[in-house]
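You will see two complexes here that share subunit A, one where it goes with subunit B and one where it goes with subunit C.
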Partner chain A sequence: MALTMDEQPTRKASSAPALRRDKNRGRNRLYFIAPAAIFLAAFSFYPLLQLVRMSVSKVTSITLNSSWAFTGLENLRKGLEGEMPDALGRTAIFVVVVTVLGLVGGLAAAIALRGTGKWSTVLLALMVFVWALPPVVNGSVWKFLLGDAGLFNTVITGLGMDTIPFLYDQSWALMSVAFVNSWAVIPFNALVFRAAILTIPTEVFEAAQLDGARPWQEIKHIMMPAARPTLLVLTVLTVVYAFRSFDFIYVMTYGGPGTATNTLPFLGYIQAFVRYDFGLGAATSVVTVLLVLVMAFIYARSIRREESES
Partner chain B sequence: MNKKAGPVNIAVRLLLTLMYGVPLLWIVLTSFKTSADVFSTESAWFFRPTTAAYVNAFDGDLMLAMKQSVIIATSTTALVLLVAIPAAYGLARLGGWFTTIALGLLIVLQMVPQTASVIPMFQVFSNWGMLDQTLAVILADTALLIPFAVLLLRPFFRGVPIALEEAASIDGASIPRAFLSIVLPIARNGVATTGTLVFLLSWGEFLYSVNFFLTPGKYPLSALLAQQVSAFGIDWPGLMALAVITSVPILIVFMSTYKQLRDGLTVGAVK
Partner chain C sequence: MNIKVRKGARALGVISVVGALALTGCSSSDSGSEGGSSAGGSQELTVWHYFSADNQVKLMDDYADKFEAAHEGVEVKNVFVPYDQLNSKLISAAGAKTGPDVVVFNGADASTLALAGALAPLDEQWGAFADADQFPDSVIHTVDDSIYAVQGYVNLLGLWYNADILAEIGVEAPTTIDDLEAAMAAAKDAGKGGITLSGLPQSQGEWQAYPWLTSQGFDYTDPQAADLESGFSMVRDWVDNGWLSQESVTWDQTVPFQQFTGGNYAFAANGNWQMGAAEADASFEYGVVPLPVGDSGKVYLGGEGEGIGAHAKNPELAWQYLQETYLDAEGQLLAVSNVGSLPARADASADEAVTGNPLLKPFADSLSSAGANYPDSIVPAASVADLQITVGQAWSAAIGGQQDPAKAAESVMAALPSLLKK
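What follows is the complex of A and B.
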């Protein structure tokens, strides 16, 4: 996922000559950027252009490499009258669940693991390791754990209740995948929140204890304010992570049962590579890219806001 | 800081330990079971009455997949670093509207869902006759990870004082030379962190592999795992053995870089 929190080049206090010198300094380093620019032009921007072209054409697997008939907004219309609105709704639910669980869980973990005790240290390392594992590995084990005869249902039936169809039920499946997605993002969020909490001087806590502050008061009045500046950027990052997520869906449900876990990005993939309607899939994907543009705009603004606050 | 942990704190830690420990434990345990032991009601094991998942897993296909994983992940990491390091350095020094636009574009590229980019890339590679080639996956992975790498590296290069370079240029060093002999060594932590993450991500990437390779014979481990887990009638011990085998290199990389990773990941956030 995206994780760079970067200072924007909004330096106010540089005088005019210094600025000019900066510019001259920079210009002779333009060629450092050239390889990346050329590579991305060929393998990122050109494909994106093709995506837009495909979205306004009739493209199937047969006509993929021949000339495409221009159909204008026909694909988009088909999508909007078809599955796109439902998928958009599911995406919204998915993103909200992952973001809320991911942020609350991340903050709780950061507060619980802020110490330097053995348990905290080992547990944090364990969580970061799980985060570093390929999503396809994590997805596989969760598919196993949430299965009919998996660990969760073994416990549930052991308690005398009926098995829960975590991954096979229309209403359960989306929640299950969203839960696993937030599980996967909590370690990273915990790391970022923890870094913010660790910047608090120990004197602050000592003073609070002298004043007789209770632990939850320390959390509310010291740790949460310290985590607040990173909250905005981290929220956007988690939203983006949830929005682009496809690996857990691919592994655990493949969009099913039926269409229950087809989020908008995954729907585009299914339309192109399972139903071989590349034009329709491209149109759905163009809509996701447009949503990405909105999120990128918000992200850029939130970085700037964090900069001016700190 | 409160020295003694309250009951809530302990409860949270206990929950987290279960949440992250149990799945990990389960992968390993299951991979050592026989299919019959996993759960007798599962129909999957009828297809493959295995004795030991690992013995079964270790065949020619697995070796091939492992080789593919190594080739793809190392080539991608090398290529990404080769392209992203100079770009990140250039963007760290340039400033102005050019940098703002470039950073904006990188952020957008990084946010584009892979499910969206795989559609036109499939068409482009098909058009160029590059489908079913490992190079196609390496190039696609590289394009996917360059924005991430540049954005992560740039703060590290910004942290290097420009005065050091000016001193070098007074001594007669050219800009590339000053970059290689002064800036790069100072920013090596950032390069190491970025390289590690790019390796981890390209090791786990499977969507490009699954679609660009036309035959499973060329799949890397991640794609093999993705293919087997979405198949009907899963052989769980075999799958978990494959998951363990896929994860071992990650464990090695993780153990040797954990501290760097833990601190490097949040470098932008603490600054």
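What follows is the complex of A and C.
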């Protein structure tokens, strides 16, 4: 009892400052979070709320700056009866091509750039440069390269073959723009894959070589398993990237020929900023956002799983 | 506690990703300061335009120099905004109660901009303008009985021809579609290209399509699927015959003229504003004839409308600028010499610089024989943009082979009733 009596003041004296410290730490954390939270609220939550509100309202260039009449799901109905289903189909094809090419290309580049020699550093710098290029510049260069008088067709016709209608045939155009999108995402994927591969201890490769493993076997049995946890995260990010792709289509084909490269984001742009039916454009964008949201949740789950595994 | 924080952070991360993505699709790049401002006693006048061709940019610079020379302390700031972003930027700016002092925009979009509240009415200024009677009604853009913009000049399409190629294949400049097709066939046989034009799936495509569609009898007043199909078929046949490159679906109006001045094409359906480009880039003899669109064919009378931003910082100075540049006789002659535009003013259009220019005469002839309001007066103001992209996409689909001509015509006909409903 005496001991208890003696201990009590001591405990009180030591726990009060500790509580204060915890409180201060909590407050400090809030201060650090505040700028990002304010930024997100202003530039993400508010626009998203406005987007959703717009998607259930009749908003044209005339009413954009005044009050918006609520129309429920009318815009969604109009979109589904109009161009949205076709655009969704094109978006799906586009996403598959960009994701497959982007991931395969990224992994291949990461494996090729595994070393730390001069050339691999130069190539890495070049890839970062490609990644950092604004899509409008990248797209303009590719539009030129893929034209009838561009580099690719000059080589193709030089080999005695017919010109390929890269950007003006309805099937080729979608594939060409998807290819250029993949080209632009490969550097990012390569850098992330490379980081994963670089975590493999060199002893593992040395042991494999002593066991007589060939390069292909090193890739298959050492590098690919090491890159697997990264693969899911990158897959989700690449799918999201492909889903929201707008810039390259805008620069290279403007959705054409006709509507052959009208994917969901571009369709939303045309509806909102060319036809000035902001309500319809917002409804298309909300559908896109919902699909991206699904990907974002998969991304969050995969991150959590990766964290728990590590 | 930690778990909660991490969950919250993760949720925040997810929402931020989605938010950023949502924003990406709708964001647009900053293209300069908005609105005019006064600083240090000097006045700044901001002019938004979408010109990128050298001669058109030079005209803007000449106007800025002219105005600045007459007004000490005034700085005219020409701000380039890409053609297909100008309207949306103006409308967004109006919502934020800002915007440029002066807007130079596609005249056909006057109603879109006026209805969106991006332009200031000019009734008062126009009523007091001493030279108002020099301007024909067709260049004054009125919406709901208020004037919102005036055109300093008129632009329209003509048929540019490479005289060297025509001499080589032994044909005269065409006056009918049959002549044109025969000439394109002969040019192809001689290893040359037939014609260049724009098949871009947007308003420029509709502007380029209109003469050829109306040449086959199509008319927005009484639209018939058969006429529309006939127009689309004609141009698709040009592609199939190798006279027109299918690549034209990726060309705006500048690229096909660059192709023409490259010297390998016999013809270009392009505008009078390309005169400076032709002089600078063509290393062959060239000429212009009216588009051979027959009795039913029409050619849009386009050009840029000039107006004052609804939230201009210096509206008085903006009106002064317009009076001394676009609406001034001397200013309009600058447009003739730089760009080859047809002046809107009666006195300027009678000037030797216009009447003595052999390249401008065919455009003037076309204006009087086949000139049509742009947009067609039957199209309700609120439907102009919608109609332009609908027809532009069908035009592109027919040229690019995404749809056969009948299907392309069908898609337009399905949309027209609601678009033309008053």
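Some points to look at:
One rule holds in what follows: the second predicted complex is superposed on the first by the 280 of 310 C-alpha atoms of A that agree within 3 Å, B and C clash if a C-alpha of one lies under 4 Å from a C-alpha of the other, contacts with A are read in each partner's own complex, and residues count from 1 in each chain.
Definition applied: contacts are C-beta pairs under 8 Å (C-beta built on N, C-alpha and C of every residue); 3 or more make two chains touch, one makes a residue touch a chain.
Note that the structure is predicted; figures quoted are calculated from it, not measured.
Aligning the two structures on subunit A places subunit B and subunit C in clashing positions. In the superposed model, A:209 lies in contact with subunit B only, and not with subunit C. Looking at the superposed arrangement, the partner reaching more residues of subunit A, out of subunit B and subunit C, is B.
Contact with both subunit B and subunit C is seen for A:48 once the two complexes are overlaid on the shared chain.
In the superposition on chain A, A:60 contacts subunit C only, with no contact to subunit B. Of the two partner chains placed by the overlay, only subunit B lies in contact with A:130; subunit C stays clear of it.
By the touch criterion stated above, A:70 is placed in contact with neither subunit B nor subunit C. By the touch criterion defined above, A:115 lies against subunit B but remains apart from subunit C after alignment on the C-alpha atoms of chain A. Once chain A of one complex is fitted onto chain A of the other, the partner contacts of A:168 are limited to subunit C, with no touch recorded for subunit B. When the two complexes are superposed via chain A, 254-262 is the only one of 110-118, 182-190, 200-208 or 254-262 in subunit C with C-alpha atoms clashing against subunit B. With the contact threshold set out at the top, residues 36-37, 40, 43-44, 47-48, 51, 64-65, 143, 240, 243-244, 246, 254, 265, 268-269, 272-273, 285, 288-289, 292-293, 296, 299-300 of subunit A are in contact with subunit B in one structure and with subunit C in the other. The residues of subunit A lying in touch with subunit C in their complex are 36-37, 40, 43-45, 47-48, 51, 60-62, 64-65, 143, 147-148, 165, 167-170, 240, 243-244, 246, 252-260, 265, 268-270, 272-277, 285, 288-289, 292-293, 296-297, 299-300, 303-304.
On the side of subunit B, the complex with subunit A involves touching residues 1-2, 5-6, 8-9, 12-13, 16-17, 19-24, 26-27, 30, 39, 41-42, 82-84, 86-87, 89-91, 93-96, 99-100, 102-104, 107-124, 126-127, 139-140, 142-143, 146-148, 150-152, 154-155, 158, 162, 175, 179, 200, 203-204, 206-207, 211, 222, 225-226, 229-230, 236, 239-240, 243, 246-247, 250-251, 253-254, 258, 261-262, 265-266, 268-271. Remark: subunit C residues 10-26, 84-85, 87-88, 91, 94-95, 112, 115-117, 199-202, 245-250, 382, 385-386, 389, 393-394, 396-403, 408 touch subunit A in the complex. The touching residues of subunit A, counted against subunit B in their complex, run 2-9, 11, 22-23, 25-33, 35-37, 39-40, 43-44, 46-51, 54, 59, 64-65, 108-109, 111-115, 117, 119-120, 123-130, 132-145, 149, 151, 183, 187-188, 191-192, 194-196, 198-199, 202, 205, 209, 215-216, 218, 230, 233, 240, 243-244, 246-247, 250-251, 254, 265-266, 268-269, 272-273, 278, 281-282, 285-286, 288-289, 292-293, 295-296, 299-300.
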